[in-house]
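As written, the chains take the letters A, B, C, D and E, and residue 1 is the first residue of each chain.
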């Protein structure tokens, strides 16, 4: 019974649900403001993403007559609930240990691609050539960044040690770092950390990897045909996804809190997320443009994956 | 490796370069070509402005009582090229540097500068003639200002009288 | 400096069209312009071949009506070529009953668009064009848009649609000139 | 209650969409300048340029509506979800500007599309466009409060 | 996804400033063939030119296109002057060169900026546009409009540059110079720009000659043809500059040619401000246009601009025909695009600096 309440709380309030939505919109706001500052602009107010979402809820929803209506409407629902679920199981060092029974890296591995899947469904359901192109691009990019993601997961798991299911348990990863210091200071794990730093813009479609939703090429790809509340859901999905992805890297490499106070730890956690986002998303997208699809793919295969694999190999040898 | 990071760092240091408008007033260059304005006192109704207006924004309409012409620049057709002002012989048309022209859609057909240009009156017989503002009198009518203010008919008569009187003088001199 | 190009053009056109076929003049900046008037339209192919032979470049083709100032009604087509800065204009005439001209895309591939353009604007038929479809004009605009004489009312300064001026002068008497506009 | 609140704040997130109805690109360049460069930064008003008409709130129309582009413009205009506000940029959409009596020009555009705001100029300077957008936001706010939209 | 399908781009596509319709056959992400459908901005301007008088046409030709909006009236005026034998005062000729070169800098910066935007490098785009604003300030300050200068008129120019304006322009040019250099450095060394643009949309010299392309597109493909050198007009004969060209013929070299030309333009303006003699800037009175025909050419930012004027002695041209640089460059897209990636389409289209409103008039 407690676990049911716990899971519900996690899904609806904290760390998923409302908290994740608020944190995501805030991160997005900071991102836009910071990019504006880098470009010598004033930029929008911090709460602009929230305003955007609220405004979209009063707009009309148009569904193209060629679209598959059910899939078209379901895609954003799937994507948003997927990321909210992911946010719920994400542990926060010194604050929250994750939902009982779901404290597992492998669960994350299955949950993380959900937003991309939602976009793919959206792209194919809208039946426009741009949606189709966005669909195939999303798929190629996903293949590219899943590889370093899995390798990094394995590297962390191997480093933590243990056997069978326990090596993928999120608690043991956190506990290991509480005991041995954060992974980010572990020279063996540094390549994997860098790989994950590149994974963040890769999955968020920022800077070099803004390929599936490239505006001048495929006009925001799968989102082209969406409007109104459905588009708002995609906006929320993207915001929560940002939180989830940075939280993931924080959990894997630097979950350590600052002592026992939960509130202090929470603020510290948000600060880490913010810093990570500023480096991996904001500055990254302000200082680069986008690669061609095959260049982006090669980039991951040639640079990111080897980095993660190097950590995995080293961790395995120094077991 | 990334030469652009330098630019970004500088941008951050220098702070936003955004113009405060619309929250604060902004600059307007003195030569800016904005809304056209007619000084009806200077207009001689020569029509060169309408002749050079590529957009057909400048139009005249005669008043029903025949006392003058209504001049109109429709700002929504005007291309703000300034040719009318350039070729205006008395500089009656002027391009102001007012660019605050945005207005609601329902006003778009009435958004025009309308001025009434009174026709001149012959100093002799009172017939309507082209307006004779001070500017044009100084420029063209400087030699015979009083004759310049006459209608063609009266002018002919004065000229004839004048010539006749000259002849009389000459005849007297010869005598 | 342009003398070499001028010589090359002169000799090529002389070979194709006979002596003294080119008339030369200079603009105020001292640049040379050559003017050729074709005696018959078969000469166009010969001139085009000769100009392609000296690797001149086709710049533009202008078609226009001539009935306003020439002695005969009809159209003329001016082909403007450039060789290293020297411009030669070769003009062919199309009297009223004639409306066909051979394509020069064989020698100048880039004549494609120009020929399509005067086909639709002046309703001239081009024989041997590789892709004779409309270039700019929408299907609902009649072919030969510039071929028709412009009615005098629209030639008047400030000519515009009547409805527009009715709105501008809404509620008041329309000026006389506006009533006449179509 | 909530609806009222959203109606109040919605005009602080206007997404702009540029619709070229055959313009000489002067207005378009200025619109791009307004939308994207630091000096005018419309993002501080919450504006965002969007690539898809379906995301748009404020439509910026430039150009005299040529006959070939007319149907396409009208179709794209219909794809913009309500409530929307239309801004005509420059002289052309309203009167046809210098192109008025041409055989391919279909202006005034208000015989097809209701125009809410006009920004005269050829092209208008960016500040004037921002002023026009601000006026459009006023109109939008009023519409939301009254519950009417631009399809009149 | 590997089958061939059609990707319609346009006419109202976000990557294009203006409406143009491309029918692109795509296999996967590779372009197989390209069809062009033009005419969306056809405003029938040539017929309008035949209905307007000579002075109205100065304004009308300026509205052909706003990016090369000074080249059009100045070349039109040159054609009229050639026909009527009007000798433009020397100071006016210098002033025309200044107006042309100011527009050239702004136009080239706009083009390379848009290139950065199309590769998603928005910060660089904004930076280039912000630098372009310096030139926009010059235009607004000296001529009174940011796009359509209205500088030229038949027989001269309408705006004089007095000592105060001279100092203003010089100050702005000094401000511009280091930025131009820096931007050039970024475009030559930035890894992303290099990765996306080198070797893309190659137009070999032979094809360039076959299509008869002009302007920076031709010059980047090894054809060092610049009207300012080949048939000097205004005062270009007295000014010192080089024809910028390259042999690689790809998107990147076209951008670099443009940037180098922008640097040259700064020096050209400075030379004009230096050498400009005192004197009238416009003819005292309007001259009758006789019957006859005349041709005038100039180097617009996008390449050779051509005007043909046929007069019948009345106050409206009998026929006014112009051919804009982009008109010649469109067809060359067929060669540039075949085999490229979908992601490169906007880049390649932009690299010819397409001006659709120019092309379709």
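To be clear about the criterion, contacts are C-beta pairs under 8 Å (C-beta built on N, C-alpha and C of every residue); 3 or more make two chains touch, one makes a residue touch a chain.
Given the structure is predicted, the values throughout are model-derived calculations rather than measurements.
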| item | value |
| --- | --- |
| Lowest number of touching-chain links that must be crossed from chain C to chain E | 1 |
| Chain pair with the higher count of C-beta pairs in contact (B-D, A-E) | B-D |
| Chain A and chain B, separation of their C-alpha mean positions in angstrom | 64 |
| Distance from chain C to chain A - Cα centre to Cα centre, in angstrom | 62 |
| Averaged-CA centre spacing for the pair chain E and chain D, given as whole angstrom | 27 |
| Where chain A and chain D are represented by their mean Cα positions, the distance between them in whole Å | 35 |
| Sites on chain E at which at least two other chains make contact | 14, 39, 42, 44, 47, 51, 53, 56, 59-60, 63, 117, 122-124, 126-127, 130, 140, 145, 148 |
| Per-residue multi-chain contacts in chain B, two or more chains | 2, 4, 8, 11, 16-18, 32, 51, 53-56, 74, 79-81 |
| Interface hub residues of chain C, defined as touching at least two other chains | 136-138, 145, 154, 157, 159-160, 167 |
| Residues of chain D defined as touching chain A within the complex | 3, 6-7, 9-10, 12-13, 15, 38, 41, 43-44, 46, 48, 50-52, 54-55, 57, 79, 81-83, 144 |
| Interfacial residue positions of chain A with respect to chain B in the complex | 36-43, 283, 286-288 |
| Chain E - residues contacting chain D, complex | 11-12, 14, 17-19, 39-45, 47-48, 51, 59-60, 63-67, 69, 110, 117, 122, 125-126, 129-130, 133, 136, 140, 145-148, 355-357 |
| Partner chain C, residues of chain E touching it in the complex | 38-39, 42, 44, 46-47, 50-51, 53, 56, 81-82, 85, 87, 209-212, 227, 230-234, 237, 291, 293-297, 304, 306, 308, 310, 312-313, 316, 318-319, 321, 323, 327-328, 330-331, 360-361 |
| Residues on chain B engaged by chain D in the complex (per definition of touch) | 16-19, 21-22, 26, 32, 54-57, 74-81, 99-105, 107-108, 111 |
